[in-house]
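Next come two complexes, and both contain subunit A; in the first it sits with subunit B, in the second with subunit C.
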Partner chain A sequence: MGLFILRRLGVMLLTALCLTFVVFFLTNLAPNLEKLAKTQGNARMSDAEVTRWLDNRGYSRPLVVRYGEWLGVVPGWTREAPDGAVTGRCIGPADDPAEAPTFCGVLQGDFGYSTVSAEPVSDVVGGRLALTGWLMLYAFALMVPAALAIGILAGMREGSRLDRTLSTFSIASTATPEYVSGVIFIILLASSTAGVSPWLAEMGWIEGRTLFLGSARSAMENITFWNFALPVATIALYGMGYIARMTRASMAEVMTAQYIRTARLKGVSFRNIVLKHALRNALIAPFTVIMLQIPWLLTGVVIVETLFNYNGFGWTLVQAASNNDIELLLSCSIVAVLVVLLTQLISDIGYVYLNPRIRIS
Partner chain B sequence: MTQHTPSFLATHPVAEMYAREYKKGEMSRREFLTRASALGVGTIAAYSMIGATPAKAQAAPSMGGELRIQQRVIASKDPRSYDWSELGNMTRGLVEYLVEYNRDGSFTGRLLESWEANEDATQYTLNLRQGVKWNNGDDFTSEDVVANFVAWCDSSIEGNSMATRMGSLVDPETGQAREGAIEAVDSHTVRLNLPEGDIAIIAGVADYPSAVQHRDMIGRDPLEHGVGTGAYRLENFEVGVGASWVRNEDHEYWGDAYLDRIEFVDLGTDPAAWLAGAEAGEFDMTYETTGDFIDIFEAIGWTTSEVTTASTLCIRMNQDNPPYDNPMVRRAVNMAVDPSVVLELGYAGRGRVAEHHHVCPIHPEYAELPPLTYDKDAAYAMLQESGHADHVFEIVSLDGGFERDSTDALAAQLRDAGFNVDRRVIPGSTFWNDWTSYPFSSTTWNHRELGVMILNLAYRTGVPWNETAYSNPEFDDLLTQASGIPDADTRREVMAELQRIMQEDAVVNQSYWRSLYRSHVSDVVNADMHPKFEINMHHLGWA
Partner chain C sequence: MEALTWSGSLGPFLNPVMLAAVVVFFAAFVINLLMGFAGMRPADPIVNPDHTISYRMGPVDITLAAMKYAVFAVLACIAIFILGGILQPGMEAKGIIGGVSAQFLPVWIGLVVIFVLSIRYKRRLGLYGKLFDNLVGMIGFGLVMFWILTAIFAPTIATHGPIDVVASMRNDPPGSMVANAAADGHFAYYLLGGDALGRDVFSRMIFGAREVLTIAPVATLFAFMVGITLGLPAGYMGGRFDTLITFVANLVLAFPVILLFYLLVTPEIVEAGVPVYMAAVLFLLPIIFIWVLFYSRYRNQPGVIKWVAVPITLALLMLYLGTVFEFDPFVWLTTSFIGYLNQGNPVSDWMLTTRESYDPLVGIPIDGNLLIVFVAVVFVNSPTVFRIVRGLVLDIRTRDYVAAAQTRGEGPWYIMLWEILPNARGPLIVDFCLRIGYTTILLGTLGFFGLGVDPESPNWGSTINEGRRLLTIYPHPPLPPAIALMSLVLGLNLLADGLREESLKD
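Moving on to the complex of A and B:
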């Protein structure tokens, strides 16, 4: 088991290294650097000014060297201006150049500086991940129990009217992308000119202009049912149908197994058959799907966070990409690798507890 | 410059008596306004009776309150390298400007009490406002202004867009301020000595990169050092999310500031998200409202503010390409096209009809010319007379947006008149590579503060942006003459002649001026749209 986890961690490091190099390479292509110079300097800079801007900030040196600097295995660049002022990768605006460290990279725990928000990357990513964490927590708390309930109810009597109804619902919800369901929710529940809100306001049943808030911005400070329900529901709805379908298939298969028939013949009540005998075995397949939903949600929140103005991790990713914020993008990709591989690790370990016959050597 | 007071409102005898009392200091401004409006004098008229600028203050907001503005929050930097008006709006409550550009096209002094130029605009005397203090306790003096002018002229700083606005103050050889060009006469007077006349200097120091920094803070980001003359201090700032300003209680501000707190709310670039934010009550005014969203914001009860700008679309022929060197052909095109139709079909009527001379009513020196006439039959007759009736007019435009729609509207009208017209659309990625050399194409032009600025940029013989290849010595001479007249009213006489030449030579087909719009909740005061998107938090307030 220990060796297994160690090997997994090794794979994780290697993946992170490869992925960050790819991201580093792509964000440092000449047109992307030009774009960076123009967003940071001035959008109407001339080509000569762009070159000077890049030179002054160390962007014009070889790619591999700069990747090494970011990793912290190559000493950071320094540059002396004609007036004697020394600038460099490891020298902040207020630091004394003589005391600045030689190396400053990921290995030294320095994830760099976000050019678009002018803050250390670790501060940006940390705060944003926490916000997305809340969104995902609520989405999971709604999605998983609801999906399992739908899947089990549908799968325990395959082909029944209940099964057909619930299956139709779950297929429809999975087939509706977030940018469609989100907009439908806003129109129906959070518009003062359409949907139910004008009618409710006319009846005097709601105090504000709309029933729910179509913007989750206020939830960044204070989460309430009214400002957070729509983004959570939008995320949950999309994942729900998929998990429910998986659970249903798994449940339906288990319900035809020999030992269920035996239990039934022994006169065990249907309720006990489902809860005590079928459920645990039926949950192995959905468990993987649920764990896979975590990295999927982390990227899926890009749309929902943008749609509902919730400034979390997905939104940061969009901002970083559209501004070619190199070091922020690199850290975002590290986070993505960690989340994907950690959740897979957890699901592999979780199998052992769900099914003692599975062994991890 | 362009103050129009409706005479029937301004001549109430009692109100005039009140105005005299106000001027003698016997009555406060607010009391005067209350009494004058009680007599039925409109607020704008009342302000003009006591010599205040109506464009700045349409009504005095009440003191206090908090206002939230939807606007992008971009990482701040050295003001000289500002490239978005949002950056200027963000810091305007802290670092102020020498001169403010008003939405009616006029200029008002902020840190300048007044300014004078000599006859040929080669010498400017800037009189600084007395009693202005920096929030670190220092006095605002000519030392600050000189240091800023020197910094603005420094073209060795990457992205310093002020260097181009400073024109001949910059020595082309050193890339720095010309020796002896900027001098402090006394503690509150600065003199600029230019080698050649330049009337655009005042417009240059009213533009958003020209925020005045403390003499020791030049080149630094105002949000980081926090020193300014303005009434506010930064409370919170997060790129892409929001920012907030509060009244700086430790600082005595020289002017009026009404709000206690201003918050900027960044909701991205999608207007649908702004609407959702407005419905959720997250802000009180937009930065800019565009297209269909103007009506949608009205539908949820918001007020729309419109401003005419000198942003426009010129559909022009390049005179290096026959037969467009023949003025009769160009005149025939202009005569065949009704601009109001182009405005309606191409820009949904959100603008104002223009007169083919690229000088806008908002420009201080705009001269009103007799209205133009449109006659399809006469146009076709003129084309036949010129001998080019068989010519196929290939008109190029961008492949989308109002550029394409407006050019289509023009092409359709030309076809109606009997011209042979071909349309070609080119994607934006390649269109701009040789926009100056297409024989017949449409080009968007941005707002400039003065009419002469545009004419100098686009129609003087041989200038880089002369996309019409127009070359007329008489026009150039008059333009040089106009560019040296600082007074707008005197300049207008020459301008009228320039505008007439533009129309007569049919240099461009210019159908409309684009309007800009802003939406706000109805009881915000002074939130009107500005041709350069400016928001001055000192003016804002609640009714």
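Moving on to the complex of A and C:
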């Protein structure tokens, strides 16, 4: 087991290195750097000025060297201007060049500065991640129990009317991406001119103009049911169908097993068979699915945060990408990649742990 | 003339019926659910002394019957609305629902013809025919065919052009009259209203079907070709190649889709030429696949190789060079040759300059933005296909018929392409349907973020994105494309489900 985890960690590290290098490569392509120079410096710079601007900021050296600097395994660049002022990667505007560290990269815990907001990237990403964490937490708290319940109810009597109804529901939910369900939810529940809100307001049953809020901006300070229900429901709905279908398949398989038939023949009641004999074995497969669902939720989080104006991690990623804020984008991708790889690792380990029949050398 | 009502002249009769049916359905559903929790079961059949079986309906059965008839009533009302829309003269009488269904007339005819023919001959049509034994599969197939026919007949169905602007129609509600329509030769109404720029929402949705249904299936097909070309040898041969490709596939899968889209689908990346490099690799694999497919089978029949396989592959290569690199080997060779003969003359320079500006004869002109969207979608989808194919191959290669082929002395590529692949077709067809749906969702996501699409394009994703800014005040522009996208994906999922069920029955 130890060796297995060690090997998985090795592969994970290699994957993370490859992926960050790809992101580094794509964000540092020549047209991107030119765009960066023009947005940061002057929009009407000539080509020669752009080259000088990039030279002065260390962008014109080989890609691999700069990737090494960003990682913190290659000493950061320094440059002495004709007037004797020393600038460098690791030297901030207020720092003394003599005392600045030689290495400053991710390994030293320095994630760089966001070129757009001029704040340390770690500050920006940290706060945003916390906001997204709440969104994910509520979405999971809604999605997982609902999906498991649907899957178990559908799978315990395969082919029954209940099974068909719930299966159709889960297929429909996988066919409704977040940008469709979000729009429909807003129109039905949070629009002042359509859906149920005008009717409810007329009857005097709600205080404001709409039942739910169409924007989750106020949820950044204070989460309430009214401003957070729609984003959470939107994320949960799309992921729910897939988990429910996997749970149903797993439950249906368990229900045909020998030990269930034995329990049945002994005269155990159906309720006890489902709760005591089938459930525990049927939940092994959905565990992996749920873990692997987390990275998929990232796309949903980006869509929902854009749609509902919630400035979390997904929103930051969109901003960083559209402004070509290289260091912010790199940190965002590290976070995203780490989430993906960690969930894969946890699902592998958890699977071995939950299912004693599987032995990995 | 006034704005249209939703249900036209049939509304006063049918609306109460439909409403009553819906109320009955939900009431019966809730009562049935409560009785289910209370432990009540449907009545058991009673075997009479004369060996006939009869039922005595209990309360549970009555609610179930009520639900069934309520559904029939709603379906009948919808059918009457559609027929009324087609048969009644005058837009006032048709109403919006009738008007829309009258516009869809070619689609209805097409659907009826396809269903009647398919059900009539379903015993002779193999897996496709079996689909018509399955209600879920039939509904899914109907939804998919609805949108395919809509895409085919889009110019007849749409009432206006996808980018025709009537400035006075900005954000007008469904059923609004177009001012001076008769004089300008327009259709007199905006059936589903106008969007923020004064374009017809209905027509944009119809033309959007065309955009979505051309890109999504082709991109999925390419993803399958790439996945199969790499997955077959990885699963069959294993070894270093397998380890390497699996690592790369996992690498792509570990990349969050949205991040990849944001990094890849930007004008700067197009400028840097990345899509062309990616397309060069991704589009070459299908050609290799087709060549190997022919060669492994007809290696001993030089006639087939010479007259079928080689010309097809060469034609595809020309298409590939023309599409990806905008390069035409014939033009290049002839201009080089004539230029060489005329060295030192102005003719030579002229030849070289025309060569640069000459459009290739064979080759699909794809604009850089569309190419990157296409490449990105193929790139995201192919690792998953690769994994599925590899898993199937690992399972199938232990079968007896593979061992028999090996004993016969067949080459590895023959076994992979002509023994293993045909036997993996069931799960692959099912996954193909699901994946077209998933690709549609991905394309919608790209459109939603405004990545790589022309802002004028009637693509469903970008239409939803445009509409969401004024969503709470004017809800009608983004709703039709949202429902269209959902119904298409739902149809594909149901179709896949039906196909899976029917193919498992064999």
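The rule is simple: the second predicted complex is superposed on the first by the 349 of 361 C-alpha atoms of A that agree within 3 Å, B and C clash if a C-alpha of one lies under 4 Å from a C-alpha of the other, contacts with A are read in each partner's own complex, and residues count from 1 in each chain.
By our rule, contacts are C-beta pairs under 8 Å (C-beta built on N, C-alpha and C of every residue); 3 or more make two chains touch, one makes a residue touch a chain.
Given the structure is predicted, the values throughout are model-derived calculations rather than measurements.
Asker: In the overlaid three-chain picture, which partner chain does A:Thr78 touch, first (subunit B) or second (subunit C), both, or neither?
Answerer: neither
Asker: Determine, under the contact definition given at the top, whether A:Thr193 touches first (subunit B), second (subunit C), both, or neither.
Answerer: both
Asker: Applying the touch criterion given at the start, work out whether A:Lys35 contacts subunit B, subunit C, both or neither, answering first, second, both or neither.
Answerer: It touches subunit C, and subunit B stays clear.
Asker: Would you check which partner chain A:Leu19 touches, where first means subunit B only, second means subunit C only, and both and neither mean what they say?
Answerer: It touches subunit C, and subunit B stays clear.
Asker: Using the touch definition from the top, say if A:Ser347 reaches subunit B (first), subunit C (second), both or neither.
Answerer: A:Ser347 contacts neither subunit B nor subunit C.
Asker: Using the touch definition from the top, say if A:Thr306 reaches subunit B (first), subunit C (second), both or neither.
Answerer: both
Asker: May I ask you to decide whether A:Met45 touches subunit B, subunit C, both, or neither, giving the answer as first, second, both or neither?
Answerer: Only subunit B is touched by A:Met45; subunit C is not.
Asker: Thinking of the overlay built on chain A, is A:Asn281 touched by subunit B (first), by subunit C (second), by both, or by neither?
Answerer: neither
Asker: Identify which of subunit B and subunit C touches the larger number of residues of subunit A.
Answerer: C
Asker: Kindly classify A:Gly214 by the partners it touches after superposition: subunit B alone (first), subunit C alone (second), both, or neither?
Answerer: Once the two structures are laid over each other on A, A:Gly214 reaches both partners.
Asker: Which subunit A residues contact subunit B in one complex and subunit C in the other?
Answerer: Overlap of subunit B and subunit C footprints on subunit A: residues 186, 190-193, 210, 214, 306-307.
Asker: List the residues on subunit B that touch subunit A in their complex, please.
Answerer: Against subunit A, the touching part of subunit B is residues 75-77, 81-84, 158-161, 238-241, 265, 267-268, 270, 273, 276-277, 279-282, 296, 299-300.
Asker: Subunit B touches which residues of subunit A in the complex?
Answerer: Per the stated touch rule, the residues are 40-45, 49-50, 52-53, 56, 115-119, 186, 190-193, 208-210, 213-215, 217-218, 227, 306-309, 311, 315, 319.
Asker: Please name which positions on subunit A make contact with subunit C in the complex.
Answerer: 11, 15, 18-19, 22-23, 26-27, 29-32, 35, 162, 168, 171-172, 174-177, 179-180, 183-184, 186-187, 190-195, 210, 214, 295, 298-299, 302-303, 306-307, 314, 317-318, 321-322, 324, 329, 332-333, 336-337, 340-341, 344
Asker: Could you please specify the touching residues of subunit C with respect to subunit A in the complex?
Answerer: So the residues of subunit C touching subunit A come out as 36, 136, 247, 250-251, 254-259, 262-264, 266-269, 271-272, 274, 437, 441, 444-445, 448-449, 461, 464-465, 467-468, 471-476, 478-479, 482-483, 485-486, 489-490, 492-494, 497.
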